[in-house]
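Quick notes on the structure that follows.
To keep things simple, chains are lettered A, B and C as they appear, and every chain counts its residues starting from 1.
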Amino acid sequence: MTAAGHDVAIIGGGVVGCALAHELTRHRIDVTLLERATEVGFGTSKANSGIIHGGHHASPTTLKGRLEWIGNQRWGDLCDELGFGFARVGELTVALSEADLPTLDHLVEQAEAKGVPGVERWDRDRVLAAEPNLTTDVVAAVHGPTTAVINPYEACFGLAEQAVHQGLVLRTDCPVLGLARNGDTWVIRTPAGPVHARYVLNAAGVFADAVATMAGVGDFTIRPRKGEEYLLDKRLAGLVHRVIYPCPTPTTKGTLVIPTYDGTIMIGPTADLVDDPDDVTTSADGADRVLAAARRLVPGISDRDVIAQFAGVRAVLDSEDFLIGPTAAPGFVNVAGIQSPGLTAAPAIAELVVDLLRAQGLELAPAAGPAPPLPRPVHFASLPTEDQRALAERDPRYRRIVCRCEFVTEGEVLDAIDRGARTLDGLKFRTRTGMGRCQGGFCTSRCMELLAHDQGAPLSAVTKRGGGSWLVLERDEVQGPGPDTGGAP
Amino acid sequence: MIDARPHVLHDHYDVVVAGGGPAGLGAALAAREAGAERVLVVDRETEAGGILLQCIHAGFGLHHFGEELTGPEYAQRVLEAALDGGVDVLTDAYLLDVGADRAVKLLSGEHGVATLDTRAAVLAMGARERTRSAIRIPGERPAGVFTAGLAQRLVNLHGVLPGRRVAILGSGDIGLIMARRLTLEGVEVAGVFELLPHANGLTRNVVQCLHDFDIPLHLSTTVIGIDGRDRVERVTVAPVDDHRRPLPDRAWDVACDTLLVSVGLIPENELSRQLRLRLDPVTQGPVVTSAMETSRDGVFACGNVVHIHDLVDFVSAEATLAGHHAGLFAAGRHPRADNVRLQPATNVAYCVPHTISTEREHTVYLRVRNPLERCVLRLSTPDGVVVHERKLRYVVPPEMVNLRLRPAVLADFHGDALQVEVLAR
Amino acid sequence: MSDTETFSYLCIGCPLGCRLEVDADPAGDVVEVRGFSCRKGKTYAVQEHTDPRRLVTTTVAIDGARWPRLPVRTTGEVPKALVTEVCRALRGVRVSAPVRLGQVIVADVLGTGRDVIATCDAPAAART
């Protein structure tokens, strides 16, 4: 840190903030990231559908439409660099009636206009041959080969870890309480004391309007739009091979059937305006709507297959577009309104913001030598037997299964802790412990033991996701101090 | 507990058993007694005994050992019997795969990745708990929602408590047992909420776990919402109508920091699916013959991996049968074929085994869908000719019905399918 | 009969769960039992009314074993009214591994004539 503080402070550690941090720390500047949660990606990002959209869904006349296609082309390399999973599975946007056909035509035209390759109309027979579990009501579809799936939380962890490796000062459990100018720097008030920076990037997601208000430029309103997602048992793996979209409406891409990177099927999301940006409740009504919509596309899906449910809140502006750019407050840059396709666009957003900062006068020399990529986390289950044997031989931590539904070894859990997992959810999203069909029934207590051991703390110190999300209490906390300890009654 | 690890892992076994709970240990011993030379039990925990080790309450063993034992006592007895009987027990190990040619791959804390082969295999992996998600309780996802079995493990083994004030969804035995357990540890239990119009656990547990401590049991009531951003702050409960649909107008809030979910068990069928065994959609476990053989030759199954038992004593009985036949199979003596399929009909959810022979004696376990008093268990041909009837004083879903069938009963029956019904008299 | 009082119990003998009624006189002596459908039920009703008893199962603290708790039980039933007190008394007990199944942890707990014993072996082990 220079005497004046950091060059850039990023507010918000979602995928946008993490991508900004990753891109900025490739340059010779001092960057910090402030995240209110205990780990990065714990807000909207982790509840994302995980789709890298093909590039042809959003109109080229919008900012999000331009950044969607650029972002799509960046993710493959990023995943190679950062070592998380990426699968270009392709997509089908499905017409269930003749009335939908003009929408399909429009998508193909839009792909041509944007230069997205390979987007073409498939007839019914070809669709059903490729996806035999789709409804026989399908009339035709548009196939897009560029669509991919990732685990959005893995993207956040990967980007943030590499950024830290490149010099990022990561501040978690660090909500922003206020913003003030002091000469040429911003003073960011946090519970851990003030943080100083020349430039502030407002990537606060659903709280971006509140943060802008703190900076005195609160001239927009974020309307939180909630999406509920439902994850199905992995024995349905292979039910669909491509991301299945219904024909979109003006405000939403509708309820999708998504083959996730992990091979499970996810259905969702809903799109409901909510008042509270922290409202991540799921609802019986939402479940019914998602299941009904998913069954219209893939009739074999049953409510008995649901193993997990969650919700996230999109940060939506009235313009329905991204808001990226400088403000009347010097050095305060908005990166706001990043709704769908925000995950897809994140790397392109980061590049755009680097250009913006340069235009603002920030000197951005590339770092002397690019930091070598961090070693990839081991995924024991997917190794060939001989590699498993060699690894287990070398390192006894890979001889014990912690999570049997997802087949995660103790070595992988300990590695995730080394890489920064501090909570049960942090482990879950890094290693998939507790994500399978038993939802942590068997591995939770072991994961808690390993976290507690690492932190040199009792089990009761371990949280689900930081803050007040405590998991268990010590007996004395409930019972009061025991009677004469050691004595027999 | 006794150090049960073998010092040598062999390349060839007669019988390999997946799971070291009462089912696996019982099957292993029976395989040895049937003549199998090398029998290996593989268990993922550092101590064999299975879920019984955390079931510190009494109520086990009256049928099998003729005395009432606690879970750990029962576990230690079956473990000692297996070890005394010459069974190898490999703990801290996980069975990764059983191949088509019964090549077994395992991951062991002691041996790393090991491959070996076996003549016969017994699946005895037990069950897992249904979760909050499986029953789709909407609302927030704060810390403080536990399955009852996980809470039991945290309290009885790890020695920590799940919260200060607890609501329990589901009146299955684990939920009832945990209501008492937590009360005795100074945790307040706000109430037990049961979707069905009757308790889902044994009457004894309703009396001794709830009535003894004045814990309210709300029947025909369910949890319709969970509140609390970081940690559970309250749950919303509502009565349900005759179709088990919640009535939100009559809902009320229960202040609590913890919700225990005790809504049933599901056979742990990961390995069964990997092996592409035929599964019963009701039990969600493998379809088995009267020798407890699955749809794959030489692969047997017993205990909660086949169907959820009410008493461990019956698990032990089933394990003995499975292990016996696995032991014989390893010596080249394949089980004799069955000639009759059992078809669950009126008020019968399922029957295990799924097939029987008219020439041998069997115990058939079945579960009813609805409680009945003064009823009759009827075996009949698919076109309705009654073959055998037995009067029962009562049937309830939480309690398995054990039907002992002797060849004499079926002497005049020559078909290949029998319907099993439980009807009011 | 106007001075007898009626008490209700739920029979635990079998899942039938008979609703038992016990009429008792002011001295507490049982005058009449109703609602049972077998002899065991009647016996249970009288026992439950005059001297209800329970087996106590809980855990005590243990050092040096795989887990920090050791499961224990009473060697027989104790008066129901003492169940909570027995558990409370055991909160202060701490033992050290190794412990063998059946080992007496507390003799004659609360003067009930029952011992508290370990219900499993707990060998000395490095906690992992």
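Here is the rule we go by: contacts are C-beta pairs under 8 Å (C-beta built on N, C-alpha and C of every residue); 3 or more make two chains touch, one makes a residue touch a chain.
Remember, predicted model here, so these are calculated numbers, not experimental data.
Of all chains, the one whose Cα centroid sits at the greatest distance from that of subunit B is A. Of all chains displayed, B has the C-alpha centre closest to the centre of the whole protein C-alpha set. Averaged Cα coordinates give subunit A a centre that lies 38 Å from the centre of subunit B. Centre-to-centre spacing of subunit A and subunit C amounts to 52 Å, using the average Cα coordinate of each chain. Averaged C-alpha coordinates give centres for subunit B and subunit C that are 26 Å from one another. Across the assembly, subunit B contributes residues 157-159, 185 that each touch 2 or more other chains. In subunit A, the residues touching two or more other chains are 475, 479.
In the complex of the two chains, the subunit B residues touching subunit C come out as 1-3, 46-47, 53, 56-58, 68, 70-73, 75-76, 156-159, 181, 184-185, 202-204, 206-208, 211-212, 373, 393-394, 396, 398-399. In the complex of the two chains, the subunit B residues touching subunit A come out as 44, 92, 94, 105, 107-113, 115, 128-129, 131-134, 136, 138-144, 146-147, 149-150, 153-154, 157-164, 185-187, 224, 229-231, 270, 273. By the touch criterion stated above, subunit C contacts subunit B in their complex at residues 9-12, 14-17, 54-55, 57-59, 61, 66-69, 71, 73, 80, 83-84, 87, 101, 119-123, 128.
In the complex of the two chains, the subunit A residues touching subunit B come out as 235, 278, 280-284, 286-287, 303, 306-310, 385, 388-389, 392-393, 396, 399-401, 404-405, 409, 424, 437-442, 444-445, 448-449, 458-460, 463-465, 467-475, 477-479.
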